[in-house]
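The structures considered in this document are given below.
Heads up, the next two complexes both have subunit A, just with different partners, subunit B and then subunit C.
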Partner chain A sequence: MIHVNHLSFSYTKQPFISDMTFSVSPGEIFGFLGPSGAGKSTLQKVLTGMLASYQGSAMVNGVECRERTKDFYEDIGVDFEFSALYEKLTARENLRFFASLYEKKPCPIDELLETVGLERDGDKRVSQYSKGMKARLNFVRALLHDPALLCLDEPTNGLDPANSRMMKDMILAQKAKGKTILLTTHNMQDAAELCDRVAFIVGGRICALDSPHNLIMSQGAATVTYTWLENGEHSAACPLHRLSADGQLKRLISENRLQSIHSSEPTLNDIFMDITGRTLI
Partner chain B sequence: MRAIRSGFLQMLVFMRRDMMLSAACLAPVLAGLGIRFGIPFLEAVLTERFSRSAVLSPYYALIDIFFSMLSPAMFCFISAMVSLEEADEKTAAYLFVTPLGRKGYLAARFCLPAAAAFLVTAALLPVFGLSTRSLADILSLSAGGTLQGVIVALLIVAFSSNKLEGMAVAKLSSLLIFGAAVPFFLRQDAQYIMSPLPSFWIGKAVFEDTLVFMLPAFASSAVWIRFLLRRYLRKI
Partner chain C sequence: MRLRSLILWDIRFQARYGFYFLYAVLTAIYVAVLSAVPEGGREKATAILIFSDPASMGLFFMGAIVLLEKSQRTPAALALSPVRAEEYIAAKVVSLSAISLAVAAVLAAAAGVGAGEHGIVKLHIVLPGTVMSSAVFTLLGIIIATRIGSLNQFVLWTVPVELVCFVPAILHLFRAAPAWLRYCPAAVCIDMVSGHAPSPTGVMTVMALTAVLFAAAKHCVLNMWAQMGGAKL
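This part shows the complex of A and B:
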């Protein structure tokens, strides 16, 4: 679906994206993770044909992005981070207009509104919508022409937990339909939950690329932390894979003296910090 | 073509919902009526009042030039305002990742309104014009006026970031049309100071009654449009 080979791009003389190579298979959710200014959105702009002056190759649906024609967009749905809707128009009018730009027969607008719970607000002006409602409308707009590839830029950014959950469920529903999804985010939890594979991007370079599970496993297993009372409270930790070798823990268990015990796996965020030495803020 | 047509129709929807933009659309007809019936009436009053054979009539051709620039200025002003709103709402950026694309967007927002302005000007000028003109004159004036309108629209979108700023730039950029008056009032070589303005050459062509001067008008318009378009595209 997507083949990127030695891609470099620069806004100035300094390289902004350097020598990126990766592929995305059909039906995959692929995440770009990195702090603000890392080059994630720029990479999406290259892949959506908005930036053509890049070096190397970026093929989407078999088309080199810099040589795209208008047909290129018949199979790509884009959801920007910000609301890009006509505020004076209603949701239905917005969807009707954007649908009219495509040659493909659009998905039924009422059905789309229903999938995101906006069927009763379809005739409201978008200016009267909350941020969550606009985000949902933005999302279904990207689905109007039933594209094979969805490019989502920070889809849960700024949403409350309920809207964020709804958005993630909608993304997973699209994956279940076989769509390929490019997800740009700096939210590690979203990435771990949604993505089949993620690329850590820092300073315009891919620092790591694998499934969230493999990335977590590659950087060390979970640890078990336990506490007990012995002239005050004490605690100790042991790697999960060496638990049977921890004599103190065995003794405390046999004497039923443990106060607490819990395991903790490293998060994708921990792995990101280990690999890149950066936080995601 | 389907996307460009939809994009253009969307602009008409916008125009219909905005009182200011709807009024701007009617302005050429209202101004035309004022010119066609008001100016000759005023001329009759002034010639009688000052006991002169002509007061305004030597400048009827100049008034026709200004009228030829009015429809394009209004149509392109509407386009510019819609584009500014779309830039503000980020819908323009979204339209670039649809089959409309950048080129289609420019066609829908600037080329089609300019073409409509050309047709309207060519239709209204023989009706409301004060001086008798040949078909070639009418088409040349309409083309020159249309290019002037496109320049005004691009000035607005290239140098302002919202509708309020756009209104201010529109007022300032409308001063560019006064280059047309220079050949009528400044007979010496000093008039060529205004030669970078396309409107100056349009005025020159009418004043000298030779269409050859329309060539530098078109050429200077092309330079202005190229410069402003590049600035606008960098901005969006």
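This part shows the complex of A and C:
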């Protein structure tokens, strides 16, 4: 679906994207992770054909992005981080308007509204919608023409836990339908939960690219931390895979002297910091 | 098909924002004002009124429309859709020209523009003149509105445009301008709006200006779309 080969881009003399190479398969959820200003939005703009003056190659759906025509967008749906809807129109009118811009037969609007729980609010003006409702409507706007590729920019940003859960379930439902999804985010939990593979982007470069599971495992397995009393409280940690070799732990267990014991796996965020030396802000 | 849809939705947006209601009220007021003008000056007063409001409404309303669209970030969605800049611009020009045309028709008929001794209002000249003026002003409005970020900036930018467009036209209408000015597009337009048949050279001048403005408007819309999509160009 997407083939990027030695892609570089800059607005100035400083490179914004440097020598990126990766591919995204059909039906995959691929995440771009990085702090603000890392270059992930710039990369998404290249892949959506908004920036043509790049070096290297960026092929989407078999089309070189710099040579795209407007027909390129018949098969791409973009969900922005912000609402991009006509506030004076109702939700149903907004969807009818955007559907009329495509050659393809649109998905049934009532069904789309139902999938995001807005069927009863379809005739309300968008100006009366809450942020969560706008986010859901924005999402189905991107699905109207049943695109093969979905580009989602911070889809859960600013949403409450219930709306965030609903949004993530909708993204997974689209993956189940076979859509390819590009997810731009700095939310590591979302990325770990949703993405098949993620690319860590810092300073316009891909620092690591793999599945969240492999990235976590590559930096060492989980550790077990335990505490016991012996002239005050003491604690020690041991890698999970070397637990049987920890004589002290064995002794404390046999003497029933453990105060507490728990395992802790590194998160994707820990891995990101280990690899890039940066935090996600 | 897409152009037709864009035009119809633009008309719907304009109706939703009260443009049609506003112009229904304004037209009634203008007709009342024109009926109070002595017959000798009515034709020129009508020409000035049509030229300075319905024909040039695109200049002012494009500021409001484009700034509103920018505030709702819908240009970003249009930029990443199959809509072409030419279709977006043409829809704006056609939808605003429709209001201009309706208002100009009522005013010209009410004031009897160009009626002469036979009493026939020259709508076949007034209305094409209104459409040509409306297209020029709407394109100017798009060029300005896509490049600015606030209504204050828009008002400031429209001042020089108004001076360049209105002063030669008014001077020409009152025969106070040099002869060469009759080929100025603004003079050609106000001539037509006042019911006078234009010369082929005059029409060609307006057509050429419209083509140049359309190309400039396309460039500005593409820039706006790229920037709304987040690209710094």
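Just so it is clear, the second predicted complex is superposed on the first by the 281 of 281 C-alpha atoms of A that agree within 3 Å, B and C clash if a C-alpha of one lies under 4 Å from a C-alpha of the other, contacts with A are read in each partner's own complex, and residues count from 1 in each chain.
We take it that a residue touches a chain if its C-beta (ideal position, glycine included) is under 8 Å from a C-beta of that chain, and two chains touch if they have at least 3 such contacts.
All of these numbers come straight from a predicted model, not from anything done at the bench.
Bringing the complexes onto one copy of subunit A puts subunit B in a clash with subunit C. In the superposition on chain A, A:Leu51 contacts subunit C only, with no contact to subunit B. Contacts of A:Ser41 after superposition on the shared chain: subunit C is touched, whereas subunit B is not. In the superposed model, A:Leu101 lies in contact with both subunit B and subunit C.
Of the two partner chains placed by the overlay, subunit B and subunit C both lie in contact with A:Glu74. In the superposed model, A:Leu182 makes contact with neither subunit B nor subunit C. In the superposition on chain A, A:Leu159 makes contact with neither subunit B nor subunit C. Using the contact criterion defined above for the overlaid structures, shared-chain residue A:Tyr11 touches subunit C, although it does not reach subunit B. According to the touch criterion, the shared surface of subunit A, contacted by subunit B in one complex and subunit C in the other, consists of residues 48-50, 70-71, 73-74, 76, 78, 80, 82-89, 93, 97-98, 100-103. In the complex of the two chains, the subunit A residues touching subunit C come out as 11, 41, 45, 48-51, 70-71, 73-74, 76, 78, 80, 82-89, 93, 97-98, 100-103, 141.
Residues of subunit A that touch subunit B in their complex: 48-50, 70-71, 73-74, 76, 78, 80, 82-89, 93, 97-98, 100-103. Across the interface of their complex, subunit A is touched by residues 2-3, 6-7, 10, 13-14, 17, 89-91, 93-101, 104 of subunit B.
Residues 2, 5-6, 9, 12-13, 16-17, 72-74, 76-84, 226, 229-232 of subunit C are the ones touching subunit A in the complex.
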